[in-house]
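Here the structure is laid out as structure tokens; the discussion comes afterwards.
The first chain written gets the first letter, and so on, giving A, B, C, D and E; residue counts start at 1 in each chain.
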Amino acid sequence: QDGEPIKLGVLEDQSGDFALATIGKVHGIELATEEINAEGGIAGRPIQLVTYDTQSDNRRYQEFMRRVLQRDKVDVVFAGFSSASREAYRPIVDQFKGLAFYNNQYEGGVCDANMIVTGAVPEQQFSTLIPYMMEKFGKNVYTIAADYNFGQISAEWVRDIVKENGGTMAGEEFIPLGVSQFSQTIQNIQKAKPDFLVTLLVGTAQASYYEQAASANVDLPMASSVNVGQGYEHKRFTPPSLANMYVTTNWIEEVDNPASKAFVEKWHKKFPDEPYINQEAENSYIAVYLYKQMVERAGSTDHDAIRKVIAEGDVCMDAPEGHVCIDPKSQHMSHTIYLAKVNEDHSISFPKVWDDIKPYWLGDVGCDLTKENPEAQYTPSDNPKAASK
Amino acid sequence: MRKEVMLETIALRSGYGGKPVLQGVDMSVRQGEIVAVIGRNGVGKSTLMKSLIGLLPPQNGSVLFEGAEIGALSAHRRARLGIGYVPQGRDVFPRMSVVENLLVGQSIDGSGQADARKRLGQIYGYFPILEERRDQRAGTLSGGQQQQLAIGRVLMGGPSLILLDEPSEGIQPNIVQDIARIMVELNRETGITVVFVEQNLDMIRAMTERCYVMDKGAVIAEIGAEVLQDRDAVRRYLAV
Amino acid sequence: MAILQTRKLDKWFGGLHVTDNVDFALEQGEVHCLIGPNGAGKSTFFKLVLGEHAPSGGEILYDGEDITRTKSYERIRRGISVKFQVPGIFQALRVRQNLQIALQHHLQGASLDEEIDRLLEFLKLKDTEKQLAGSLSHGQKQWLEIGMAIALKPRLLLLDEPTAGMTPDETHATGEMVQALNADGVSVLAVEHDMAFVRQIAQRVTVLHFGKVFAQGTIEEIVADERVAAIYLGEIHA
Amino acid sequence: MDFLSGLFSFLYQTGDAFAFLVLSACGLAVIFGMMGVINLAHGEFILCGAYVSTTAARMGLPLPLSICLGAIVAGLVGMLLERAIIRHLYSRPLDTIVVTWGISMIATQGTLILLGSSIAGTGTPFGSFAVGGYGYSVYRLVLMLAAVATLAGLWLIFTRTRFGILARATIQVPHIAEALGVNTSLIYSLTFGLGAALAGLCGGLYAPTMTLVPTMGSAFVVEAFVTVVVGGADIFLGTAPAAAILAFVKAGLTSWQGQLAGQIGLLVAVIVVIRILPRGLTGFILRERA
Amino acid sequence: MASRNLLTSTLGLLEGPQTLGKGVGFWSGFLVVLALACAYPLFADGYDVGNNVYFFNWAFMALGLSLIWGYGGALSFGQTAFFGVAGYAYGVLTINIGDAYGLTFVSLIAAVGLSALFAAVLGYFLFFGRISGVFLGIVTLSVTLVLERFMSQTAGPEWAIGSARLNGFNGMGGMPSLTIPWPGGDIVLYPDVTLYYLTLALLVIVYLALRMLVNSRFGNVLVAIRENPQRAEMLGYDIRRYQLGAFVVGSGLAGLSGVLYTAWGNYITPSSMGMSAAALPVVWVAVGGRSDLTTTLFGTLLVLAGFQYLTIYGSQYALVVMGFLLVVTILAAPSGIFITVGSLFSKGLRRRLARERS
């Protein structure tokens, strides 16, 4: 055991549609690993990465999840960008009783003891963002969202929060993934005259919306939980197409505090060509340190032991974004949430920061992984609490 | 008045893939001559024509045109030397109109637009149906109409040598006679050289006095006017 | 009784009247030739009879039954069979397989093989049985297609220019084959421009011109007809 | 007034969809519709046009010139590929599926490796105008004009120039065209190059309106294929009406029921049109005319 | 006696003009390969065995496409539609009726049947509407894309059949693996040795049955239709029925792939009906050599294994290398990789290659 490397599987999309947002995740893991190994590894054991390129293809996740668990016998695996890829590999993790980290913001709801989630979830991103926007710009809201689980569930969150805060939905529109032409959508928005727009657009094709809206002179404040933080559109598009957009993110490279600055600096030293360090990259980096902590406290890589550590409720660390902790009930992570505002020239300012927003929702609806493990994904309309009502 | 040899093959061998068909063909055609090639089904007549125009590369032997070796040239280069080819089975461009088909033929001499009008008029004179159906898609022409188009098409390029593979096929008798007449006329007026594969003895007799007989991929005889007049004699050559 | 009859059969291609009110009857057991200028509508007539084209008007009777709307394959199954003007064979299959596909309708096993061999012999294609049909010479393709047409054991055989590209001897042999089939009771309708062949086989001849029946009669009558000479035959046969 | 602005809006939306379909499809209409090469790398020619034109524009070349440059570079790349690879496959067009799929993989991933996961855009020029209280992008009118001009240009090239006639002849019966003195190998290169250039033009034209990533070509491919095929055998007769019908259906359904309906409606329209006209629109038009 | 004749003539169809390989040599080779395949789990670890099951899963779809396209000449670009329909059907059925009493196998059969039924309806619409060539390819592609886009947006709770949530783009999970009822505890077929043997057996059966089918009268006609549909019709065959028949069988096999895949990974997703998924079977089949079952089978397994290998070891260059290999293979091996490579060793293949070259 002693001195034997700890094997950490990495399944991320280094090519294909998602590569833009996910290559940085691999780099984050590599950076953390290098640092940890330089400091003597995890409890004296070096981390050994076993990395596969999943090519933005769900089937590769299935193939390689089996491979890392069965052949490479990794101790833990960090895997997946899209929720579909996570759902593709989750049955395999469950079958082999593996332990997987999903280091991505997503629609929330995974209640599975074999999964640890470090990405942000809706209660962290929307319960902060939407009330802020309503207060600042008005209560009439229009949502355009990618027409799949993430978009639909996020839109549901937005809708509920708008209602709770006494606002109205001026409209809601779902855009199939891969759509790149928005003329009609733009007109629908203009017709509805909302006070602000919530954009839950996902993927590179859908990002074309901003340029097209700008050229049609849609001059609305925008709110988003995915853009900027994930796809760094403000860096890629010509100003001012993203101006006046507000994003809640648990971290981006513009975050202005010493820890964050140091983090950015060492990152760019190691990866000078990195176009942008996004929030998922930071989540992935954090995750390695959290895992280190869990293993060291558990005294082994054994999952049950690790879960006992998590159950203690104080697996926490000071990350570039601030203090974060793993919630024992859901095995999701608390976050510091930054409200990033995109200015005319696409520079970023942070009008507001929320400390320590907990991933409370799963616990509220009845997920308690310290007691039982349903290996399921709950949604606002489909969860134990909704069922018992 | 012996004229120069225009086209000559020496021990020409060619075929498809590994399969040899022509087993050493020797023939020679003088400038301004009309020569027929006859033979039973499958002896290699069409193969010979394809080898002359360059659609099949020679495996051995040579093809000389006006004294120069052309065996290594691609088909379009040979065509541009002034060789016109009418394939067996017509092969018109099916989804192009009749005029457009004719215009393609111009590439043989790459002439300009002005000339085209004159040539078109001439060809419409030979084959009035082509003018009538000027804008019809060639693929919907009747078999005989297509054959006329295929012949008209090479004449558009004003070739100095024309290779005809069974030109009478599918054509109504009186037009067969017309075609024979046209060829002879052209030959007289412009000195065009003609090599043609044909089964129709009347047409052969109407056009030529000299005829190569092929069998099993080789020229086995050369027959002249007297023999051609004798139907039974010709038949004997063509029998097994 | 007529095995094939058309009544006021009509076909337009856009503005072109290709088959113009054709009333035609082919008697049971007859060998009948259809001649006429290029573009007269002979091949189109065949295609109408076979159901390749839908007529613009009129009807087609086979064996006294209306088959105007019957599907092509059904017409074939009732005993019509055809050799097209442009050889239609299975280019990428071997010669033998071409015949097998035609023959497997009514034969199988050893008798199928025997019949294929017999046909190959008859068509002089024995040497080429393993060749791909697409690599046959033009004339050989014609033979193969004739072979496929007769392999169906038709009651009515339609031949569109069967001897195109054949030597006089081969043409003659084809004529004998047609006569042999006819002796077995097959009715034949052939389109041909080769008058020697027409002379050899035709019991009756119909001349089509501009889609209309222009003349009808024995070959002697037709050849003697000056109007036919003018539009079609030219001086040699006049 | 309300009616008029509504009408304008519908025409604008239909025109917008039409432009997208036409510009996506033109290059494919030449390469697939004419040459029979099933070009699954069509999107990558578009990518090439987009990247080149954007890079040129960011280096200071005026946008129209940059777009032309994109088209030219894509065309040259196309000719190169034709020479090296595609020309060996004309006798077996189905195999072009695999080869162009391979080329597409190389191009997409190669771009990712060499140029990173995205490049910065140029922004959409010309600003906006308003009709009946709604803002519209001027540039999208330019796209519509470009679509019509491209169609007209293609039609002229292929029916009114000698190159066009020779190209069609070469593609229909290559060996006979060759035997008639046509340099078919040159014609093939030029034709393929033209198709690639048109794809590049599409990329250049849409680059200012889109995210520039290595996989961006895939946004065009399905629409392009569908338009060309619904058009049928004669691309010059078929592509424009096909694009018009599909654009009408797509714009109508999108404005009525949203983007999903527009997407699905487009595909269902394809199925229905082909079912009614199994030879595509060309087959239908020709039967009416002949 | 009669039945014996029937048997021998049926078995005789195992070889014929439509399939490569005949005689003692070929069949001994076949047995050797089969024996090796049977012995494989004894030497391989659990991962390799399960991974091979995964490869086998796709082979059915490839064989089906070979029948439809390679033999019948109808390029269906939408085999993944049937794959998806059957996969989802298996999921919905098993989630609702459970995995006891061999019900997973009932679901398997029902799901394959459903995809075949869907193929029959669609095929009727296509072939009886005389749709062919590229038109067929585009219509089938459109069908599969419609299914993909539709299924992608079924995330909401209203999209459920019984207790089975369709779950949109994220895909449907939670269906049981194939389960054999067994006294003293059902045997759950995880991707492991038992599932390996089951899948292998299915594959051998399907392969042999297809060989018999294509060498039968039906196969002759199918090939004839590919070569010249008009001629085939003029020989009295109702070509639409034959095309439909091939389409239904081939699509049923795609359905079988879908079920096996879904049961293997307990997961099915709309993207398995998307554009790139739809192109894959075409690529596999073309690389091996579409007009033969054996080359299709081995080509598919080769491409699957080769690409996975490249992805494992090729890092981000994997896709470039794959693309390059595809291009080179098609250029260098015009009749598919096996015939071309095989022709180096075998005279028969050499002749076939020469024929296809010319």
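Following the convention adopted for this analysis, a residue touches a chain if its C-beta (ideal position, glycine included) is under 8 Å from a C-beta of that chain, and two chains touch if they have at least 3 such contacts.
Everything numeric here is computed off the predicted structure, so don't read it as measured data.
Ranked by separation of Cα centres from subunit D, the top chain is C. On a Cα centroid basis, the chain most remote from subunit E in this structure is B. Per-chain Cα centroids separate subunit C from subunit D by 46 Å.
If you average the CA atoms of subunit A and of subunit B, the two centres end up 75 Å from each other. Distance between subunit A and subunit E, defined via averaged C-alpha coordinates, is recorded as 37 Å.
Residues of subunit B in contact with two or more other chains: 16, 140. Across the assembly, subunit C contributes residues 13, 135 that each touch 2 or more other chains.
The multi-chain contact residues of subunit D, meaning those touching 2 or more other chains, are 109, 112, 218, 260, 263, 290.
For subunit E in complex with subunit D, the touching residues are 75, 125-126, 129-132, 134-135, 137-139, 141-143, 145-146, 149-150, 153, 275, 279, 282-283, 286-287, 290, 316-317, 319-320, 322-327, 329-331, 334. Those residues of subunit D that touch subunit B in the complex are listed here as 162, 165-166, 168-169, 172-173, 175-184, 233-234, 286, 290. Subunit E makes touch with subunit C in their complex at residues 9, 17, 217, 220-221, 223-224, 227-228, 230-239, 355, 358.
Considering their complex, residues 45-48, 50-51, 54, 149, 152-153, 155-157, 165, 167-171, 173-174, 190-191, 265-267, 269, 271-272, 276, 308, 311-312, 315-316, 318-319 of subunit E touch subunit A. Residues 38, 40, 85, 88-89, 92, 94-95, 97-99, 101-110, 112-113, 218, 221-222, 225-226, 229-230, 260, 263-264, 267-268, 270-271, 274-275, 278-280 of subunit D touch subunit E in their complex.
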